[in-house]
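In what follows, chain A forms one complex with chain B and a second complex with chain C.
Right, the complex of A and B next:
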């Protein structure tokens, strides 16, 4: 075992095995699946935010040449709901009423998408409008009405307080209040959603291809909702072009497409176009927080009050509402990396006539960081202190781990103080402050924003994970080549590479002799899928456990065949040898041949063949990654535009499996953070129309919006397998706050603070319109 | 109304002539993908913004979602399959792999073609020029930095070659 503690591949900057097929255009995404006779779907979607459907005339649609079937609720009477959690469920096709713009009403199944869309335009739907519920605060007060008459708008309410919070507020010498708001966003994977369903010609089962993060869960959803036994449903995930939490749901379209394939007895495919994607991919964020902070003269923050509100949209997304995720986890990590002893939170999640809220990378995190970091900067400015000093005064100290925060969450060990200090060095904090003063004399407004973050990862259950564990099946074939299958649902994270790195060390085989499978319920062992930064620590943990078990078996073979003690066997480079006597070796290939074809030589007690499945459930309910981001911006106060000119990240996600892949995740999250902070917002008008339905209205960061990002790693291992922590969300948790704080810092001469994300040029012009404050 | 009126169409794609029957309203992207089977060209928005469907039309990066296939007659079309060697990867593709310039890979074919055209047109492009050229290709995963690094490295390699 000592040798396994010296990993060669884990921690190495290995190039991805996924890349050649993607770079050469050979990868198969959902829309690349085309089989003879395949029909295509277009949905008739609601153009009204809230209305009764008085009448629906689909005769012209049905008669349109090339239309094979038209499905309405009566053909597919399925509701997406969790009865134990919510009293409301969305019918997969609208039933007598519509509750948001973009809600699917009917599905047109035709020879091609072109024909299906032509026919969809002939649908005549007569609506009787209801007052749309579009304002979060008013909705919480049941105004202008209940979205669903039988149940209050507030579908999730929770209160929490530490025992002496009121006293702490009463005794503190300083108080500040602020309201923080994040607008609606969406994940906007470059590959939109899509589903294809067909009857498998070999077995007669229903085979569903889906662009999803959660293969096993989606199979169960389809099976349960359509009443088909699970073994009669095979779910295959092709290449997935990004997910970011948005592809963790079961959507109405998934169910309708599967039903259509069964009804038509033909292969059926639906691929979302971009307008549909903006209308009907789960939205994220949409939070309002009314916050009050109490602090001492020396900058020590003593207490925090927060009324957390989120707009969950018209229905709980299935099987979880993003609004609950946004608020409940935020309320438990709202103090971030700071030692703030007293806390009171109130949560209200409301229905509205908007698209249901789901997960978008980071879920609760960006708003929590925006608040916690915004508060620190407000305290600093109020007291005339340096914001870095206020952070160092409040940040959790190394000796405090494991640290139990005011909400009762236990943080395992991290490098909070070290990351903050190193990030300040990395960005030459002192030098920047001097330069900033000089530039202000020239009426140039540059600012620096700090964002120290915590990231709960590897949660025993997360939005994507129906189960808290992950699984790995290893099969070594008779030639010594390895196939390893996982229940994960990667969307670009490179699991085929990272899981193979882990296994190569454990099995002693060459990296290129391992192939990693995922995403086909026929081959993948049952697992929770990808989301909530769980695949590295939990999937990787499963690889370690399974790899170790297989290694033990290989060692037994080698010891028996080499006539040596098990404790003397070492593995590597496709061979097993006697320690110190490398010429006494046997290849893994020969061991594998023995295991399958020369079975009389199998050591006693071992089964025939080299196959096993292991599952890994972390013993801790979660592990916290941490780090600090620092953004530098320049604000043009004549136009209100913001340029992000510098960026640094010091990140600690425990043991790194592949630093390059970790850096790719960080960079992508920083870009999404620039989008969240400066560009991306979904806007509904007062009538409940979504007015941002193209990429000309919903703006994504471009290559020219990104500064060069400097990155450093610290490694504080978790107590889980391999010391791995998750890390895919931290960069988007931290970055919006860093940029918001940088803009606030740049605008300090105007005494302005960013309180809404994204902060737009209009808002900046409003903030800088008056006289200079000082 | 007839379902789809089809007309004869000749397209030159990756150095080969394709005789097709296609509807005049079909986009070049759809015809490349679903008639010719070159599914390396991806459709990300059909609004001409994301750049995932970028192909080269007579060497110039062009949105294949905004063009009808019939409009592409008489032009030389190059897709990602056309810049991929018979075996292995092109130097630019190799550079993308070694610099981790892709994650989900959906936007990658369009970015490769934009970068190929840039380096052909401006072999000394600097980082700012590379970022400007790539600004018409959205990537949601990588934050662009490693893509820029990959193009810079490929540029150096071409210069040395």
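Right, the complex of A and C next:
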């Protein structure tokens, strides 16, 4: 076994197995699924934010040539959230009332999407408007009205306080208040959502193709909501072009498409277009925090008060309300990597007449980091201290691990202080401060923003659901080739590479001889899907456990066939040999042949064949990654433009499976952070119309907006299998705060602070009082 | 996001195109590069009954030297404006400004005539044509019509082009001295948030702003100065005259800065 401790593939910069097909356009996404006779769907969506549907006339739609069926609520009387977690569940098609712009009202099933869209225009829906609820603070006070008459707008309220927080506030010499606002965004995956469903006429089983992160959960949702036994539903996930949490939900469209296939007995497909995606993919980040901080003369922060508010939209997204997720987790990690002993939080999540809030990469984190890091900088400026010094003063020290934060969350060991120090060094902090002074003399405004973050990963429950474990089924065929199936739902993370790396080390087979399967509920073992940064640590853990069990079996075979002791067997490069005597070897292929065809030679006590499934449930409910981001920006105070000119990351996600993949994840998160900090905002007007319904208005970062990113890794292993920690969200948790702080730092001569994201040119001009500057 | 039903005609000559527009009596629209029209159709914000595709009209692309001006065919692609050696030599401001339009792929398709007909208030080319007092040449069954850019552009996406007219050519006079240019956009390749062109005259000069209000505005500058503070004061007064919708009020400050930089650029003798 000692040899297993010397992995070759885990930790190596292996090129991604997925990339050739993705880069050459050979990958098959949902819209590539073509079946003869397939019908396509267009939805009639609400154009009103809040209204009674007085009358709906669909006769012309039904008569339009090429239309095969039209579904309304009466055909598909299903409500999401039948499980009574909330008092409100969204009907998959609007029922007498619409509550947000873009809400599906009817589904038109036609020969093609063109026909379906033409017919959709003929739907006559008569609305009687209700006052739209669009302002979060007013909504919390039930103004102008309740979104759902039978239940208060505030659908989630929670209060928490450490015992002596009031006293801590009273005794502290310094206090500051600030309000922070993040605006609505959405994940905007390159591949939009989509679902296709078809009934196998021979068996009666329903096959659903879906662009989702949670194959097994979505199968259960479809089966449960439509009343079909689970084994009669097969869910297949083709290549998925990005999900970012947004594709972890079960959406009304998923259910309606499945129902349409059952009704029409024909294959039915719906693929979201970009406007639908902006209207109807779950939104995120609609939060306001009223914060108060108490601190000592030396910069030590002693207490924090936070009223966390989130606008959850018209319904709790199913099965994960982003408003609850963003606020409740933020309230538990709002002190971030700092040792702040006293805390009081109040949470209010409200309904409104907007698209439901769901998960978007980082969920709570980008909001909480923006606040926590914004506060540290405000404390520093208030005291005339260096922001790096204030961080070093407050950051959790190495000896404090395991550290229990003021909200009761336990952080396992990390490299908080070391990451901060190394990031300062990486970006030549002292040198920057000098340069900044010189440039200010020339009236050029550069700024540096620090964002030290914690990232709870591998959580027992997240937007991916509450399956705390992951499964891996290994099959070695009679030629020694391996397939390994997982319950994961990758959306571009490279699991086919990372899981194969882990298995190659354990099984002693070549990386190329392993194929990783996922996303087909007929072959994948039950699992929780991908979300909440769980696939690396929990999925990877399952690969390790299953790999080890299979390895033990291979060792037994080798020992028996080579007539050696099990403890003397080593595995590698497709062979098993006796330690120190490499010419006494047997190939894995021969072992496999034996296991399937030469069954009399199977060692005592082993089953026929080489197949097994193992599950891995981490013993800790989560493990924390950590790191520090530093952004450097230049603000053109005459035009309000911001350019991110430098960026550095020191990241610790435990044992690295593949540094190249980790770095890709970080780069993507930094890009999304630039979007969050400077560009992306979904904007509803006062009547509740979403006015950002194309990429002309919803601005994504472009390649030219990206700076070069310097990256460094530290590795503090978790106590889980392989020492792996999750890492898919940290970069987006940290980056908006780093950029926001950099802008605040650049604008320090104007005594300005960024308190709203994204920061627009208009806001910058306001902060610099425009013309005063040049 | 699929267009409403439409018919499609591909024409081989300008006469055929004019004849087709007349035949469909306002139901038809010209399809040039499609970079503005096709998205509008996909959003069903534009629903022409017929598209008259003029992409085969090679005679409508290219450059002629008129001595005092360049005549550029309306089907000349933005990227051709950027690349054309002759234009680069005789009217260097044009390729420079055109290179700010969108991205390469868009510039490969989008045309000069399309940009002029579409008349986006934040577009670069209509602003340059206004600044340089270019003439828009149009043809219809009634014959040829010529209009100064300043008269041609009316406001948000609206011009004096009649439904049966086709823009054939744009005549751009050579400026006495090369104008200065500066623009701010949210991202590289976006339409301008605010842009400006500045021409130095014998005493004062002119500033043409775009991205503000409904159309590019060419405004006379009473004096020309290289002194930062004086320049700013002049521009502040000039920008004060701009008629802006309230949500664009903040852009007045940017307009002053941008025009100041365009003036500095003009002095730099780009």
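Following the convention adopted for this analysis, the second predicted complex is superposed on the first by the 762 of 774 C-alpha atoms of A that agree within 3 Å, B and C clash if a C-alpha of one lies under 4 Å from a C-alpha of the other, contacts with A are read in each partner's own complex, and residues count from 1 in each chain.
Assume a residue touches a chain if its C-beta (ideal position, glycine included) is under 8 Å from a C-beta of that chain, and two chains touch if they have at least 3 such contacts.
Computed from a prediction, not measured in an experiment: that's the story for all the values here.
Taking chain A as the reference, the larger set of touched residues comes from B, when chain B and chain C are compared. In the superposition on chain A, A:653 makes contact with neither chain B nor chain C.
Applying the stated contact rule after C-alpha superposition, one finds that A:747 touches neither chain B nor chain C.
When the two structures are aligned on the shared chain, A:31 is found in touch with chain B, with no touch to chain C.
In the superposition on chain A, A:246 contacts neither chain B nor chain C. Look at A:639: by the touch rule set out above, it reaches chain C but stays clear of chain B.
When the two structures are aligned on the shared chain, A:274 is found in touch with chain B and with chain C.
Judged by the touch definition given at the top, the superposed model places A:702 against both chain B and chain C. Legend: residue contacts after superposition of the two complexes on their common chain; A:602 is shown touching neither chain B nor chain C. Once the two complexes are laid over each other on the shared chain, residue contacts for A:762 go to chain C alone; chain B is not touched. The contact surfaces that chain B and chain C form on chain A in the two complexes overlap at residues 114, 273-274, 694, 701-702, 704.
For chain C in complex with chain A, the touching residues are 1-2, 4-5, 39, 43-44, 184, 186-190, 193-194, 228, 232, 236, 250, 253-254, 256-258, 260. Across the complex, chain A meets chain C through its residues 113-114, 117-118, 121, 273-276, 636, 638-641, 679, 694, 699, 701-702, 704-705, 761-762, 765-766, 770-771, 774. Put simply, chain A touches chain B in their complex at residues 15-16, 18-20, 22-29, 31-32, 34, 64-66, 111-112, 114-115, 187-192, 239-242, 244, 273-274, 491-494, 660-661, 663-664, 666-672, 694-696, 700-704, 706, 708-709. On chain B, the positions that touch chain A within their shared complex are 1-4, 23, 25-26, 33-34, 38-47, 49-50, 52, 79-81, 84, 89, 93, 96-98, 100, 102-109, 112, 130-132, 134-148.
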